[in-house]
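Next come two complexes built around subunit A: one with subunit B, the other with subunit C.
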Partner chain A sequence: MKKKIIILVILSITIFVLSLFMGPRVINPFELDGIEKEILFSIRLPRVMVAVLMGIALGASGAVLQGILRNPLADPYILGISSGASLSAALGLLSGLYIFGRFTIPLSAFIGASVVSIVVGAFGWKRGGLWPERLLLAGVGLSFLFHAALMLLMSISTDEGLRRAVLWIFGDLSIADWSLIPYGFVFIITGFIISISRAKALNALILGDELAHSLGFSVQRERMLLFVSIAFMTAASVSLGGIIGFIGLLMPHIARFLIGADSRVLIPASAICGGAFLCIADLIGKSIMPPMEIPSGIVTALIGSPYFLYLLRRRDVLSI
Partner chain B sequence: MSLAYNHPILELDNVRFLYSRGKSFINNLSFSVGNGESIGLLGANGSGKSTILKLASGILKPSAGHIKLWDKPLQSYRNKDRAKLLCYLPQLLDIYVPFKVRELVSMGLYPYDIPPEITVDEVLEMVGLKEKSETYITNLSGGERRRTFIAMTLLQGAGLLLLDEPLANLDIKYQLEILRLLKELKEKKNISIIMALHDINIALQFEKVMLIKDGRILGVGNPETVLTNEMLKEAFDVGIEVRRQDLGRAYVSYENNF
Partner chain C sequence: MRNDKKEEFFIFGSLTSERKWYILSYLLLLVTSQLSLLTAVYAEPPDRILSLAPSTTEILFAMGLGDRIVGVTNFCDYPGEAKKKPKIGGMSNPSLEAVILLKPDIVIMTTDGNPKEFEERLRSLKIKTYVFKARRLSELPQGIRDMGLALGVKERAETLAKEIEDAINKFKVRGQESAPPHPPLSKGGQRGGKKVLFIIWPEPLIVAGPGTAIDDAITLLDGENIASKAKVPYPKYSIEEIIHQAPDVIFIGKGHIDMKKVSSGLLKRIAVVPAVKNGAVFYISDSLYRLGPRVIEGIEEMAKYLQ
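Up next is the complex of A and B:
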């Protein structure tokens, strides 16, 4: 298993480096001129960093969520966090209130995501604890509501804000710059560390609440901590680059297939796969028909869905 | 530990439990489990067997009454300390995640900071699954899956096992396999077991049975005194006849119902 992890890490670093130097303009790292330096450090590096951070956040939170909901088809977005974030960000954009300057979109998305996490948590709360089925249903219900509200907003708006909102919703990494990365980094890494530190408890929760209790875990406390880790990672990732589908759903399955199901390796492996996959998707999205860019969220869905359907055909991978 | 066979490991004293609708389900339940004792918990569907096991394992908290584990209130234990003494296996062991047998069994070590001397290989040997240690749990038969979880509880090393219908949905071959394994464990390791059952013939093989109806104990003791025709009629609401072979072994007959 160790060998596989090392190969995965090396492969991801290679992809990371490639996506720095490849693209509409191929940069030779050994012969950098002024413009290329500028492209590399002001555009590509922050963009790749955002892709990696978002991939880590979505991959890891997908692995955690599939575990706590005991549902292999769960995706961090199923909890409504992302649709709440998009609604909130769109409100921020369309209302023309640029009070926070370029922080308007990410900040309003983050606020939306955090508020929705609390609301979903409140709906999922009963008898002193969070219940997976309640969380799931509350998330699905709220998602529909937020989607409807978002569609309404978009259908009554005609300005430039609309195009920006749509692009942002489908995961637009082109807005990435250095200013947001430290904030995103702090939230994502905090969430990631919480989830890794509770990986044993997650394994136990996958076996069911009763077995988790029998193995010596405080079921509700562990589930709460894991939910908080997901909320941190998803909210930060949405505010960094919008909604990018399929990573949270797909990466845990790929990682399980490659490395194994033990959450202690599954969470980091899903995170690494997520980071690498989003870098590739972004590279494809910006290179395929320059100067036009296809939002990464569309690329991940276009690559992700056929691959997911292929996995679904392989019973041994999904086991459903 | 030089404790007498009958020293109670687990004691339930006047335990009451209400489900959320407010109707009292378990009323004034009192019993104890001795060191190395195995008890068959017998009753019709919905009689409260699972609830009793969940109360005894601390999954459900009693509305009134006391539960003691090794003379200390069950709720006063830290989760991890309790897990080293008491282990509960639910009836349904449905997991979709393809853990390998070895991975799942080694979760039995989770309560420990310093692992006990017993190893994963040893417990896999005990349950006869050593060759399948790298197999995915999702590819195992019902009996193998059940044995995998039993191996996990063995690694966990608790002296008291609370098993909810461990024989449910298993072919007779696997039922006997698991019964043999549990008997062996009891003899070799002096493990105490409470096991919910629905098969009266299997309950007749236990040294002690507890007959449950509507959340209360109809009778407790050896099967000969507890599992009488009258008591079984009351517990299951159907005419059942206990017959005895020449060798003294008892079995039940349902033929008067056909």
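Up next is the complex of A and C:
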């Protein structure tokens, strides 16, 4: 297993480097001219960093969420966090204030994601703890509600800007620049560290609440901590680059297929796979028909779904 | 017209026997009703016009048909009076009920934004439609003439079309005079003019590509739209490519919100291109977004910065 992890890490670093120097035009790292340097450091590097951070956040929170909900279909977006973020970003724009300048969209998306996490948590809360089924159903219900409200806003709005900003929400890494990365990094790494430190408890939770309790874990406390870690990672990733589908659902399954279901390795492996996969998807999206770009969210789903279906045929991966 | 019909009716009725009178009047009714239908189509200008696109609304107002417009889309905001007209929904999703309730004699549509099925629905409900087909700057004058003919305002359409044609020709001539005779095409196949980029929305980056009035205006003014090789009219453009192609001038369309704030991030990232370095970034009105009478202003505004 160690060997597999080392291979995975090496592969991911290769992909990271490749997506820095490949693209609509290949950059030779040994003969950089002024323009190429500019492109490398102020366009490609932040973009690849955002891809890696988002991939890590989505991959890890997908693995955690499938565990705490004991549901192989769970995806960080199922909790309504993403649709709440889109709605709040749209409202932030519609208020017409544009208070925070170009930070308006990411910031209002982040606020929306955080508020929705708390609301979902409140709905999932009963008898002094979070209950997986309640959490899941509350998330599904809320995301329908937010989605409908967003559609309503879009259909009654005559503001072209709003329509374009909503485009952004659906997965676009081209806006990545250095200014947001430090904030995103702090939230995502915090969430990631919490989730890894609770991985053992997650293993127990997957077996069932009673068993986890008898193994000596405080079920509700662990679940709460894991939920907070997901909220951190998902909220930060939405405000970094919008909603990029499929990574949160697919990566845990691929990681499980590659190295097994132990959460202690599964969470980091799923995170690494997520980062690498989003890098590849973005690389393809921007290189396939230059000078146009295809939003990364579309590419992840286009190449992710067939592989997912292939895995499904090959073995029983839809388990946690 | 209708009075004539009544008179004829009485003359025939008093002259003939009852049976004859009956047949004759029936035939006459049939003919006159058909005739009146025909004349309503080709001679009598339609009284109640409904416009399904902001561009055609502007053209209708410019042809002096403003008081005959009974309905417009939610996006029709120019000229000011257009905002006061009853609204029938968006361009891509107009409300059929709202359209019918306004009892239009004719519905003006475009091939650029209105769904084709909607025209079919209207026709199946016996509502007359006129489809405005011009999509390029060069097609605009003829498009206006054709529409004026259909609406019975041939002269006014001709005046407006001529005005636009003159403006276009003026810049054609001016462009040829001011620029030295075109140098032979350089290796990249580029012309001598400035390299221009027109940004519609900065994040995500959407620019004006081939087949748009903006692209036509840039070409008319002897500029080279760096996005004209993209495959769609409004491509989502690569920022790296902008840096490579190094535009000399960047236009940013003014929207409803403060575009300076919205685009500051993008401009910072493409700070190395000549346009940003030399301060040749201009915020320009949205006159060229719509293929209507205001394209003249749009071209003139752009010309100020390009020549």
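Basically, the second predicted complex is superposed on the first by the 309 of 320 C-alpha atoms of A that agree within 3 Å, B and C clash if a C-alpha of one lies under 4 Å from a C-alpha of the other, contacts with A are read in each partner's own complex, and residues count from 1 in each chain.
Operating definition for what follows: contacts are C-beta pairs under 8 Å (C-beta built on N, C-alpha and C of every residue); 3 or more make two chains touch, one makes a residue touch a chain.
All values derive from a computational prediction rather than experimental measurement.
Peer 1: So which one touches more of the residues on subunit A, subunit B or subunit C?
Peer 2: Tallying touched residues of subunit A, the top partner is C.
Peer 1: Looking at the overlay, does A:24 come into contact with subunit B only (first), subunit C only (second), both, or neither?
Peer 2: Only subunit C is touched by A:24; subunit B is not.
Peer 1: Name the contact category of A:44: first (subunit B only), second (subunit C only), both, or neither.
Peer 2: second
Peer 1: When the two structures are overlaid on chain A, which partner does A:33 contact: first (subunit B), second (subunit C), both, or neither?
Peer 2: In the superposition, A:33 touches no partner, neither subunit B nor subunit C.
Peer 1: Name the contact category of A:133: first (subunit B only), second (subunit C only), both, or neither.
Peer 2: neither
Peer 1: Going by the contact rule set out at the top, does A:262 touch subunit B (first), subunit C (second), both, or neither?
Peer 2: Once the two structures are laid over each other on A, A:262 reaches subunit B alone.
Peer 1: With both complexes overlaid on chain A, does A:293 touch subunit B (first), subunit C (second), both or neither?
Peer 2: In the superposed model, A:293 contacts subunit C only, not subunit B.
Peer 1: By the touch definition at the top of the document, which applies to A:215: first (subunit B), second (subunit C), both, or neither?
Peer 2: first
Peer 1: So which bits of subunit A does subunit B touch that subunit C touches too?
Peer 2: None.
Peer 1: If you look only at subunit A, which of its residues touch subunit C in the complex?
Peer 2: Going through subunit A, the ones touching subunit C are 23-25, 34-35, 38-39, 42-44, 93, 96, 98, 101-102, 105, 155, 158-161, 164, 167-168, 172, 174-175, 177, 179, 286, 289-295.
Peer 1: For subunit A, which residues count as touching subunit B in their complex?
Peer 2: 67, 70-72, 127, 200, 203-204, 206-211, 213-218, 256, 260-262, 316-317, 319-320
Peer 1: Mind pulling up the subunit B residues that touch subunit A in the complex?
Peer 2: For this pair, the touching residues of subunit B are 20, 54, 57-59, 79-84, 86-90, 92-100, 103-104, 107-108, 110-111, 136, 138-139, 149, 153, 156.
Peer 1: Contact residues on subunit C for subunit A in the complex?
Peer 2: Spelled out, the residues of subunit C in touch with subunit A are 74-75, 77, 90, 93, 201, 203-206, 227, 229-232, 235-241, 243-246, 255-258, 261-265, 268-269, 272.
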